[in-house]
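The same chain A turns up in both complexes below, where it pairs with chain B and then with chain C.
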Partner chain A sequence: MDNRVYIIGRDSVPQYLRLDAGEELAMTLVVPPGTDVQLALEIDLTGPGASLDLAGLYLCREAERVDLRVLVRHSSGGGTSRQLFKGIVGGTARAAFDGLIYVAQDAQKTQAYQENHTILLSDAARVESRPQLEIYADDVQCSHGATTGYLNPDELFYLRSRGIPEAEARRLQMVAFLAPVLRRLPEPLSEEIYAGLS
Partner chain B sequence: MDELIKDLSAQEYKEGFVTEVDQEYVPKGLNEDIVRLISAKKGEPEWLLEFRLDALRRWQRMTPPQWGHLKLPRIDFQDIIYWAAPKRPEDRPNEIDPALMETFDKLGIPLREREMLAGVKPKGEVAVDAVFDSVSVTTTFRKTLAEKGIIFCSFSEAVREHPDLVRKYLASVVPVGDNFYAALNSAVFSDGSFCYVPKGVKCPMELSSYFRINAAGTGQFERTLIVADEGAQLSYLEGCTAPMRDENQLHAAVVEIVVEKDADVKYSTVQNWYPGDAQGRGGILNLVTKRGICKGTGSHLSWTQVETGSAITWKYPSTILKGDYSSSEFYSVAMTNNWQQADTGTKMIHLGRGTRSRVVSKGISAGHSQNSYRGLVQMGPAAEGARNYSQCDSLLIGSLCGAHTFPVIRNQNPHAVVEHEATTSKISEDQLFYCNQRGIAPEDAVALIVGGYAREVLSRLPMEFAVEAQKLLSLSLEGAVG
Partner chain C sequence: MNNVLLEIRDLHAGVEGKEILKGVDLTVRRGEVHAVMGPNGAGKSTLGGVLAGRPSFEVTAGSVLYDGRDLLALSPEERSWAGLFLSFQYPVEIPGVSITNFMKAAVSARRKAQGLPELTPAEYLKLLKEKMALVQMKGEFARREVNVGFSGGEKKRNEVFQMAMLEPTLSILDETDSGLDVDALRIVAEGVNALRTPQTAAIVITHYQRLLDYIVPDVVHVLKDGRIVRTGGRELVDLIDRQGYEGIDG
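This part shows the complex of A and B:
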């Protein structure tokens, strides 16, 4: 399966995608630091057995405004969708993620999952997460999870007690947090993001 | 399984009877004169009339909220009788109308204080405030409670006898203009319960209010105010029923709870308003605002609700966690069948440091019903070290219903943690097969599985209520599976 990578602010991102019977799509969205964005993306699984693998990450360090809205619509049965969005938000940035999984009445045997995790780095940063499920079919497995939190001080202590300087240790924590999305990116891009975490 | 899910038959709603009592009404409609009339009938002081009129003026400028995942029928607010009360002898409370007594007996609500046996301590007793349409008919065990300094009476009496307390706390948690229905309630509220537990007092028995809509063409607009002073402790239950009618009836209540330093309040609801028939005709529109504030350090407020009734439920019991290290919980089971719609959930607003909250919501939808969880968890800038965990599960029975989850998480503090998870599933064939194989009939098996699914919430209810709620759940499920 091809993995399409879109860098917000550099690439143009489609607003609407349709997946027909048996079609598969893997897609990764990257919001690099310093990008203000308001993005609305709708993906419609219209054919039976379509499959979507969607991931995204957003990094905000200063005064960015990031607003991501993702609608995944299962209009046909037997489809699978997976979403994973991760964000690190610092400075005075505001980041919002709004993700809706819609399962129509005929879309039996749908499997849909969504996750959104964010880490706050500063007092003035704000995050909002609205993971939503709208389900009209009964024979489905759907779940979502959302967390917001901070870099674990125990982990930091562990790394520092092993001689890793604090700044480097924090960077490692962030890399580990982002890893599930980072490893979907081509190497030059993930290198660039590594370098940007400091 | 497909065979099991057959069309839903009308379930029996055993509280659907009407009591014949002489009632007096105010004229239909809502305007300043009606508000003045209601206030005059209750013999209210000037300040309360002003409060009502202010609310009415605000309400007239407001529009009903549209954001719920609900199909609300248009409500003609001028076609409702805002006050109805059973006529009764003036020398209350010597005698309660036998018809009323019978009504509450039939509903299993004890209005007579059971005589105590010499030397035997009464166990598991409940003080009841019974509200029939717009007035409170009786409040039991008032003397026992008064000995401890606890005030438990109808709202109207509280206005007469404890005006200072009422004035201090009324609308302090739910402001007059909070929302459309809260403003409506503030203008026309009839009766409800008032409860004050003084400093350091532990309430020796469960307090409870029982609401009954009886008259046709009316709405019920009760107002409940609960105050737990420093270190106080109380557990409060609320129950409600209404007759079966083809028209919708409006129920717009406001509940306010104030929890001071180190106090502990537990508020439980078993909501069983008439849900409408199998074709979706009639039923109560339950549009309620409930909110509590954990005002002081270390205070605690716990909400438990079992929602099985009402054609439409629009209700979000919420907690403002203002005191440092205060905590709150929300446990909910919402069951919808036939054409019922529920949009319910909670708001946890963390303001103080180290505040904690936990949300457990279990939705069950069957028939053609729609069941939504809607919630907000907010971590304010000062909510250092605050923590929330939410879990919202939905269970679907049959392919024509819907289950939805609309949570909002807002974090403004880098040292606060919020976790939310939600799942949607149905009762699996395997689970049913396992039960059937062991000789458990399909309907019992479903009741068993649903009971297990809702257990975490039901176990939070006081004993007698838990049994009642379990029964209510299986009754509501009746006809959902063949």
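This part shows the complex of A and C:
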């Protein structure tokens, strides 16, 4: 499956996409450092058996304002959608993630999953995560999960006890956290993100 | 070369205002293996954590000289560069970081701190393979994420593997025997024994005598309620084995 990568603030991102019967889409959204963004995206799985694999990452460590709204609509049965959004928020930046999974009454046998995880690097950084499910069919598998936390101090001590300097250890922790999304990016872009983690 | 490697004097330390170590004195010379034994809650792991610089522990009094330096003034990474190694009782899982990348970062940081040139990729690979063989780890091990999905035995072998990679001067093994079956115990002990030299020393922290059948200590200490209440030779291990910690006091 092709993976369409969009860099927010540089590429034009579609606001609405529809997936017909059996159609598959993999898509990755990247909010690079220093980007203010208000993005609303709706993806409609209109045909039976359509499949969506959506991931995103946001890296805002200064004073950025990031506002992502994603609506995944299952209008037809047997479709699958997976969403994984991961972010690192520091400085006085603010990030908001609104994710709605809508499953219509006819969309039986839908599988829809959504995860949003954020790491905060400072006390002044803020994140608001609002995952929502709106389900009208009765035979579906849907789940969502959201976490917000700090870099794990036990991991940090473990890395430092092996001689990895604190700054490098933190960078490794951030790379590890973002890895599932970073793996989806072409090299020059992932290199740029790595550089943004130093 | 200074024969005394570690000198702990009247060490008091605790966590969140609660005192756990209440005046520990301990001297370790090069070439020696010391066992620190004691019941649960005696402060054994606190001692290991304080020596390695775990930030959650607070030292309230006393001093620790390591190779003539003030150990407590050093950051955890500086202690590692100076040759100190702690094998964790509960090794930490780091999803997303492979063993290869983890150890590469550790080895390069140490060489940089020591003013040595970076290893070439070929040199690094050779080192990695050699040390993996020591703890009987196979090729795919290096690509796995650090401790993720590892069995108890694999985690402890991974600790000894890291110890071998970093060639420490002072190794502190915190309950390295817990959760190991006999085979894993033997692999771990053989790994540790292979790294013994007249210049290096080890502190083996353990509740049971089991590991000490394989790693034979020169000096045995009993830690109870934050103090070393008894110091002796191997015979102390047998005594504890026979009568437990109850009757052992200063």
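A few remarks follow.
By definition in this document, the second predicted complex is superposed on the first by the 198 of 198 C-alpha atoms of A that agree within 3 Å, B and C clash if a C-alpha of one lies under 4 Å from a C-alpha of the other, contacts with A are read in each partner's own complex, and residues count from 1 in each chain.
Everything that follows uses one rule, which is that contacts are C-beta pairs under 8 Å (C-beta built on N, C-alpha and C of every residue); 3 or more make two chains touch, one makes a residue touch a chain.
Keep in mind it's a predicted model, so treat the numbers as computed, not measured.
Superposition of the two structures on chain A shows chain C fitting alongside chain B with no clash. When chain B and chain C are set side by side, the one touching more residues of chain A is B.
In the superposition on chain A, A:Gly163 contacts chain C only, with no contact to chain B. By the touch criterion stated above, A:Thr148 is placed in contact with chain B alone, chain C being left untouched. Contacts of A:Pro188 after superposition on the shared chain: neither chain B nor chain C is touched.
Angle at chain A between chain B and chain C, computed from CA centres in the superposed arrangement: 90 degrees, to the nearest 10. After overlaying the two complexes on the shared chain, residue contacts for A:Ser122 are found with chain B alone; chain C is out of touch. Fitting both structures onto chain A leaves chain B and chain C with a minimum C-alpha separation of 13 Å. Interface residues of chain B, counted against chain A in their complex, comprise 69, 379, 381, 394, 396-426. Residues 105, 108, 118, 120-123, 125-150 of chain A are the ones touching chain B in the complex.
Those residues of chain C lying in contact with chain A across their complex are 52-56, 75-77, 79-81, 85-86, 88, 91-92, 94-97, 101-103, 105-106, 109-110, 113, 162, 166. Listed in rising order, the residues of chain A touching chain C in the complex are 152-155, 157-166, 168-169, 172-173, 175-180.
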